[in-house]
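Here chain A shows up in two complexes: once beside chain B, once beside chain C.
What follows is the complex of A and B.
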């Protein structure tokens, strides 16, 4: 009885390992098709997502960008719904939004939300 | 099990009402302005009425319940915390009860072992669960000050920072969110698991737990999953605390679920056992000083008595007493 249990658990573990490896191989196998984003003239009339979405979800977009950029480096490219390709980088955001130094701070001060972006990044308020 | 599921269904229905009304009937003004104002009014008025009702009741006897040596002769050591003899000591005792649940710390549990042998042992689980639950609620409540002040006090910002210092998710995960959910789960499970507790538990025990659980889940859902526009929420809340009747902006329906459940809690509060929040301060068994051997506790129910002192008696009968040869105090 006990032996059969061990055999069963062993088989299950082997199956899990195989699954994990195949999954891992699958992700590796995909060719890094994306090229570095074209640093073409930035279209500042629309953001990477619709405005309403960005109002509520910008922090998650930024976190996703941070994580993918950290893993993929220059390959981290965001493709918008209308087909624009943008480098996942904070400076992509600031290319448009940096023109208003208080862009982040006016809302964040009002909502009393303190992000930790500027723990590492230089905030637009600190640049001359 | 009926008494568990009926409150659960009631909370689910309460959560559904604002969701449907705001999503399909566009009734955000009713649920964002009118009901919160009505709820706040009922809460404040009801709370004050309950306190007033208790305060006007006379306290005929000093019925303080203590579990320590009361103040006695000089060489008998008094237990100052458990049996205070001053008003200040009584206040400290009440506060230790409010902040640290002292009496719950002494909770014991009886278990019947084979033998048969009845064993009493200290049981701290309820104390821990209750403490975690109430303190989390307090911190969560204080954290909400950021919606009601343009610039909340510094200690609230510090509290928020400490609460989110794990920096697990974005927006940063608050520890108290997890703690309050765990404590709620424990408090519900505790009432269901043990047969003795299941029998004495009522719908009114489960309903507030489920209601607060619904509020917490709706709040967490807004923060972590189904995002809502926080600027409109702040504008609405700032308007509410400055007594304006401006219509709320475009806010997700989940916010109205949260606000409506909070309003329901506020309305339910003064008429339920949740009033223990105010009652603990007014319990004569706790807020009186144990000084019955030192001071006379006058029963307010006693009618003012008609007394005649011996001096008055002697004044009336002095001559007769002298004639009869009785001793008098004054000549």
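What follows is the complex of A and C.
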């Protein structure tokens, strides 16, 4: 009698595990995936914001790009006031500003600003 | 007389548990334990759109060829570090039997990379949300956020995450300017070439393979080449029994 009782407890545990398993399998649907966005342009004839704004706020703009670019992937698109769409990526900046190798460095050196962008991104100064 | 109660209880309950599990596994799993079942790649309800996947036809993969690896590592500035502890790999070739388990008939080396799991255990472990699954199925790392705790390395059952113990730039001879390097103290792994996909290009390894052994496409699109191959061939995944739902498949 007692023997059967105990065996039954084990069987019950197995049943519970199976139940848990089936519930888990049923919760797989997650957030809907978006279709691949066509990459936005990385080239432009004028900046994403007016020059004066960028003088004082480029760090905030880049901070936002940095925080969203990796997570949103192809959906990380910046739309300018005049409707241009640009990929949030440092290479979008460098598509224009990379032509002047000292563009970032002349000011940063003067202001003794030491951003850590170039720990990983390859700077125009390092390119041949 | 009742002294051995506890032991008996554990023994018998355990027997019951084993019997129950045996019965349940017969009921719950369809087909072989390790072989790819259609449920592993078919779109699950509520998951539509894009899920990038890769398939290796290892029958076309010649012994000793490492063109895919070289191309990947060059494109993504993966440093060449010889020491076993310091080694960084986005792609590597391993003994097929060790990689894919006993169902793999061949012990020839087959390419391996991050599986871009649909249920990535690395992402669950990351305390900072630096490694995460994107809406297109790519498991990506935000190197800006990574604090280098290596939880992801510990929880990836495939050992596909590498850690930068030293400055990777020192070990890079000929860097690709378009792609960043990493810095000391962050992890890295294959990014399914998200940097190239966004520019409408195929992954670097796919393009580099002269034998056309690598297919890449949307697993949720029934008309894609990869789905056609999955439907017409017997394929294997790495450790599918863990429930990570890898997006990388192998024809042996």
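Of note:
Here is the rule we use: the second predicted complex is superposed on the first by the 83 of 128 C-alpha atoms of A that agree within 3 Å, B and C clash if a C-alpha of one lies under 4 Å from a C-alpha of the other, contacts with A are read in each partner's own complex, and residues count from 1 in each chain.
In this text, a contact is a pair of C-beta atoms (placed from the backbone, for glycine too) under 8 Å apart; a residue touches a chain by one contact, two chains touch by 3 or more.
Given the structure is predicted, the values throughout are model-derived calculations rather than measurements.
Contact with chain C, but none with chain B, is seen for A:91 once the two complexes are overlaid on the shared chain. Residue contacts after overlaying the shared chain place A:45 against neither chain B nor chain C. Set against each other, chain B and chain C touch different numbers of residues in chain A, with C touching more. In the superposition on chain A, A:110 contacts chain B only, with no contact to chain C.
In the superposition on chain A, A:70 makes contact with chain C only, while chain B stays out of contact range. After overlaying the two complexes on the shared chain, residue contacts for A:59 are found with chain B alone; chain C is out of touch. Within the complex formed with chain A, the chain B residues making contact are 146, 150-152, 157, 161, 167, 170-172, 227-231, 234, 252.
Of all the residues in chain A, the ones that touch chain C in their complex are 3, 6-15, 17-18, 21-22, 28-36, 38-39, 66-67, 70-75, 87, 91, 119-122, 127. The touching residues of chain A, when paired with chain B in their complex, are 52, 55-57, 59-60, 62-63, 107, 110-114, 116. Contact residues of chain C toward chain A in the complex are 8-9, 12-21, 23-24, 27-28, 44-51, 119, 132, 134-138, 140-144, 175, 177-178, 180-183, 194, 197-200, 220.
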